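Below, subunit A partners subunit B and then partners subunit C, in two separate complexes.
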Partner chain A sequence: MEHFDLSLVNWSRAQFALTAMYHWVFVPLTLGLAFIIAFMETLYYKTGDEEWKRITKFWMTLFGINFAIGVATGIILEFEFGTNWSNYSWFVGDIFGAPLAIEGIMAFFMESTFIAVMFFGWNKVSKKFHLISTWLVAIGANLSALWILVANAWMQYPAGMFFNPDTARNEMHNFWEVLFSPIAINKFLHTVSSGYVLAALFVVGISAWYLLKGRNVLLAKRSIIIASVFGLITSVFLALTGDGSAYQVAQKQPMKLAAMEGLYEGKEGAPLIVVGALTPGKEYNDGKDPYLFRIQIPKLLSFLGYRSGDAFVPGVKDIIEGGYNYTDKDGNQKVALSAEQKIERGRIAIQALADYKNAKEKGDTIGMAYNRKLLDENFEYFGYGYLNDPKSIIPNVPLTFYSFHIMVGLGFLFIAFFILMLYLIYLRGFLINKWLLRLSILMIPLAYIASQAGWIVAEVGRQPWVIQDVLPTVAAVSRIDSSAVQVTFFLFFIIFTTLLIAELRIMFTQIKKGPKEGGN
Partner chain B sequence: MLKNKGMNLLKRIFRFYYEGFKSMTIGKTLWIIILIKLFVMFAILKVFFFPNILKRNFNTDEERSRYVIEQLTTKPK
Partner chain C sequence: MVDTTYVFLQHYWWFIISLLGALLVFLLFVQGGQTLIYTIGKTEMERTMIVNALGRKWEFTFTTLVTFGGAFFASFPLFYSTSFGGAYWVWMAILFCFVIQAVSYEYRSKPNNFLGHKTYEIFLFINGLLGTVLLGTAVATFFTGSQFSMAKINLTNINNPVISSWETPWHGLEAALNLHNISLGLAVFFLARVLALLYFMNHINHPDILARSRKQLLYNAIPFLVFFLTFVIWLFVREGFAVNPTTGDVFMQKHKYLLNLIQMPIVLVLFLGGVVLVLWGILKSLLQPYTKGIWFTGIGTVLAVLSLFLIAGYNNTAYYPSTFNLQHSLTIFNSSSSKFTLTVMSIVSLLIPFVVAYIWYAWKSINIKKIDEEEMKNETHVY
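This part shows the complex of A and B:
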């Protein structure tokens, strides 16, 4: 790995992370608020109560601001694929291209068509058609997310593909395996439900501000009830899909799970760390206690990861040294290879690819067949061949660990918050204590923190891989000048920060103004 | 007859959008932001900073494949 320009790799990663994180500031609110608006409009359609129409239009305006500022920010990620990650872009081939193409078509035709009806169609189309359009915007936005998340899930667990050494591309042999891979399904459900919870907290928080100010009281009360019910259901669902995601991570990305829990030495009946602090400077094989302190639940990590309280959960050291038993994706019992052995097999695969190419140029069909077989036999470890040190398969443990615990802690806080809010409304109507209203406002930034932390766990936890086990970042990056990446990093930083400030200013102005009839 | 119906539909769609845009209040600011953003992204960033390296440097997929295999199988100097 010392042969690669790590400055280029790190700047390219930093730029991608910056772009993705800013993009993800805008997306979750769109995903969730669209459904909340659709529910509100459904109530208007059912009851004919004009107040529901006013409420729907108010939240629709905030949805429009977020949508307009955020729209197309994700396209920059595609620019980066072509420039900074050209090896990767070519290597993934149609597997990435097909879902993204479907996403583009769906996003364009569904969202763009029906969003116009949603905003311009009041009093111009029938109430029923308007309502259907609002629902289609919500469904379209979420389906767009599906295809992006399917592509991301494939990088975490490359299913339904084979590598073609003639083209140096992965080719899809089973679209359904890609679409319905367990990682993809869980990732989609977990990610979109995090957007629903964020949107629910956004609506509750802003409504609470109105109640504190004594303004738009009916709008605030109705919005709080709708958003709290939606938030409670989706936050419980979020926890369930989080469990599903963690189970899949345990099976497919054990190093990520070890980093999430700061687990260096594997054990049977492994506990789940509820709260803890990691020992700074911990090395995987120094024998030090990884935690400065911890509160843990015995056996829970084993149970959540393998559905058995006594199951063995490998730690960082075990994954590097190998030798433990595990079940592979076909259900076979196997002994894990050490990182050294995987590196060796990865090098064999890379050499086989080079030799295959040479044999092909010489027209040596026997050489081609021999090297093709060698490549296929070792391809699952292809990416390891680029690594020189077994330690390089360890992600940033503290960042993954703390992000994971912040995300989970906040997720449970949100469930408790929605239960408390609904319970107090049930008990005392809207004579809610001021502290709870103030807490509701605080929940909005906490929702964004939890949402970003989730992506940090997913993406930092799988390092050094761009495609799990098959392609590390060092091999995926284009060999371009790192100074060019630095320049565009700061350009993006300025552009996205400007957009965020614009969004916040317009949003705050609109919230202060409150709802009004007419206008978009 | 069919042509007239088609024209009417197009006219109605045009008027729907035209009147929608005309009656916007905050939407006008948002559209300005969207247009500036798209201009910066596609006319500046994409053109000057983010070429598709493989498309720009090679004419055929075969050349691109050969280049990527070389990148994947040789260590950089």
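This part shows the complex of A and C:
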């Protein structure tokens, strides 16, 4: 009997994580800076003030440098679904492929067409057409984010589909359920708003550097004002959508929520950990205190997850062992199965599929009907059938826990920062507050850390699933040699790191040069 | 009973894929041009004009490639799963070529760019050479086949549920050892250079670049014709992968692709018309002081490539044949998405004319005059 090559699975995961994280270094800035530039150009269009044009063109230069490498790192991701996750491509391609195709048709062409006008059209098209083009670049970039995030959200909460045993795959039956699933809406809004906040902090930080150096003061002042207003609005929105996302995670991915909070044993009126450290080497059933220390807010996790301070929040142990009450997606009260029972039900579903196929080949309609029914009854746990160990449904708890708390902590820090900045702008004191200007520069790397941490929570927290409960990573990989993936992993690592160094050096040089010498 | 709507949708999406593939081959003129930067540009200013002429179009090629991939995934996911997961090295090599291209235009002339402008030009050259040859070679396997197996029942093997497997350890590299595949790869490479030269003649206002482009056109048109005719003649005389419409069984049929052309007269007209237009654009540009050859050769390229894709998938033909087991070959029927998904995407595809219209308008707006030295000196965003 052949067995899963875990080395292949792990290297494939590592490669996808590497390429996704590199891509996500550049995309948030593109998403947010595009809008900030559009606001600035709108002011130029309205006022005719040439300084606004100069400011717009300066930020546009930095946008271009960042955009190019975002494109370079993005193409890999689309094709990796095929190269490294070929089984996944067939099993859910009927649903997952559509958003990618629509993304290409609707968003990428809009972005790539109007970006050419944005960069090369200053002296060739009217001011109005140029402004519209800049707005369309921003809209196109965000539309492309919409479609890929819809696809990602579907993996976290597979909606609008059914399993077709004849084709041995999942098929879409309701496009709107895929597009407007609550997970998709929250994921899109939360993710793009994180990009807006990052871009706002980027603009504020670089402008603050100019103020510290006493250079490009007008550009810096105007940029800080625009970015701070944009940053405050979007960071508050980020917190609200974060709450919405966490609520959806509680309903649809309870194991992820348990990992985010390091909650091993469920309880009613569960507290939210504000700050804490996990006990190293903790096993889900060893009875040890999961925290070395913690500062917590009583009942808040129950309230945020279930909108009731007394609600029961299942922990890792509860989800493994089952037996607690929960409300399913149709609003029915149920008793949770243990992981072992789910694995058993998954195996029944997989065997029913095999028997259905055999019956079909023999023309046995009764056998087909029987196995179809059996498959439908157990399909909810189909993916569990590929797992051997109940513990394999536990994600990496420390990584998820710390990433989540870093993300949330920094998110609230950003709100406080923007409030303070705007308050000092109101008092006209921000120019002389050197500590605040230095703090502004520090905010740039913090923004990137928060952004990456967010994706770690989303993707590590949902392991072992590629598609929640339906397909685990072990059953989604391509059949290639692990060594082949190791080679491409290191090739990607080398090339992306080289390009990142190039990007940073070019970016720093352009910033040091400033707007006049920066190709403007 | 045959669901005619579903069959229509499968044909419609194969047409869309074919059209995207054809547009991609036309847009590979950017790649072709990247291999000619030093052949045509003898001074730094000339090279700057060439790079900028190409640099304003590279994203369209890139976007078309991405959309081609996305549309293939959405409409024929079994191809995506089988080919990309199996021919791993070929697709990875193609992707690497495009990754290094994406940054090269923007970073080439920027100060302190870490690798130096020569390195970025080498990246562009690699993309232009390997990107075109490998894409052509990969597409040729639509006619020559690959060694893979595919069995959906594998999904029920909980220890090894992979549906598609490549049955050689070369994982796609073996395609590059097949002379018929290589002939198409080289034909695409030289066609991309021909298109690039015609584009330079049309788009750059510089007498030396015009003269050198015309001279190079002859040198590249000849090998293009040699490799293209080799591929096409070979294709028409070889056996093809036919599908029995009643049983779905795949079998080898003599002159299958020639028969497809004859049995689909519209495709035959497209093919012949395309070839004539390609040749007309080249000859007129060679023999007269004419700079609009790109339009004829470009449109001809789209028509000829479109018709080649159509004979690969239409008329009961397996478009992605398995030489390991004929019955595992992919057809537009056994590899497509569901009727519902194809319907949803067909509705979205109605936006394509609108997309084409705004691309046309935007291009027209910023291409009102040819690139010249003066523009390069005054332009604020130069590659």
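Following the convention adopted for this analysis, the second predicted complex is superposed on the first by the 506 of 520 C-alpha atoms of A that agree within 3 Å, B and C clash if a C-alpha of one lies under 4 Å from a C-alpha of the other, contacts with A are read in each partner's own complex, and residues count from 1 in each chain.
Rule of thumb we're sticking to: a contact is a pair of C-beta atoms (placed from the backbone, for glycine too) under 8 Å apart; a residue touches a chain by one contact, two chains touch by 3 or more.
Remember, it's a predicted structure, so these values are computed and weren't measured experimentally.
Asker: Evaluate whether subunit B and subunit C can sit on subunit A together after superposition, giving fit or clash.
Answerer: After superposition on subunit A, subunit B vs subunit C: clash.
Asker: Of the two partner chains, subunit B (first) and subunit C (second), which one does A:G205 touch, if any: first, second, both, or neither?
Answerer: Once the two structures are laid over each other on A, A:G205 reaches no partner at all.
Asker: Please work out whether A:I105 is in contact with subunit B alone, subunit C alone, both, or neither, and reply first, second, both or neither.
Answerer: second
Asker: Between subunit B and subunit C, whom does A:G231 touch in the aligned arrangement: first, second, both, or neither?
Answerer: neither
Asker: Taking the superposition on A as described, I'd like to know which of subunit B and subunit C A:I76 touches: first, second, both or neither.
Answerer: Both subunit B and subunit C are touched by A:I76.
Asker: See if subunit A has more residues touched by subunit B or by subunit C, and give me that chain.
Answerer: C
Asker: Contacts for A:G64 in the overlay, against subunit B (first) and subunit C (second): which applies, first, second, both or neither?
Answerer: both
Asker: When the two structures are overlaid on chain A, which partner does A:M172 contact: first (subunit B), second (subunit C), both, or neither?
Answerer: second
Asker: Of the listed segments of subunit C (135-143, 153-161 or 351-359), which one clashes with subunit B in the superposed model?
Answerer: Looking at 135-143, 153-161 or 351-359, the stretch of subunit C that collides with subunit B is 153-161.
Asker: Just which bits of subunit A does subunit B share with subunit C as contact spots?
Answerer: Touching subunit B in the first complex and subunit C in the second, residues 3-4, 61, 64-65, 68-69, 71-72, 75-76, 79, 82-83, 86-87, 89-91, 116, 119-121, 124, 167-169, 350-351, 353-354, 357, 475, 478-480, 484, 488, 491, 495, 499, 502, 506, 510, 519-520 of subunit A appear in both lists.
Asker: List the residues on subunit A that touch subunit C in their complex, please.
Answerer: Those in contact with subunit C are residues 1-4, 57, 61, 64-65, 67-69, 71-76, 78-79, 81-91, 93-98, 100-106, 108-117, 119-125, 129, 133, 164, 167-169, 171-173, 175, 347, 350-351, 353-354, 357, 385-386, 475, 477-481, 484, 488, 491, 495, 498-499, 501-503, 505-506, 508-510, 513, 519-520.
Asker: Mind pulling up the subunit C residues that touch subunit A in the complex?
Answerer: 56, 59-60, 62-63, 65-67, 69-71, 73-75, 77-78, 80-86, 88-89, 91-92, 95-96, 98-103, 105-107, 110-115, 152-153, 155-156, 158-166, 169, 171, 337-338, 340-341, 344-345, 348-349, 351-352, 355, 358-359, 362-363, 365-366, 368, 378-382
Asker: Enumerate the contact residues on subunit A facing subunit B in the complex.
Answerer: 3-5, 61, 64-65, 68-69, 71-72, 75-76, 79-80, 82-83, 86-87, 89-91, 116, 119-121, 124, 165-169, 350-351, 353-354, 357, 475, 478-480, 484, 487-488, 491, 495, 499, 502, 506, 510, 518-520
Asker: Across the complex, what residues on subunit B touch subunit A?
Answerer: 16-17, 19-21, 23-27, 29-31, 33-34, 37-38, 40-41, 45-46, 49-55, 61, 64-66, 68-69, 71-76
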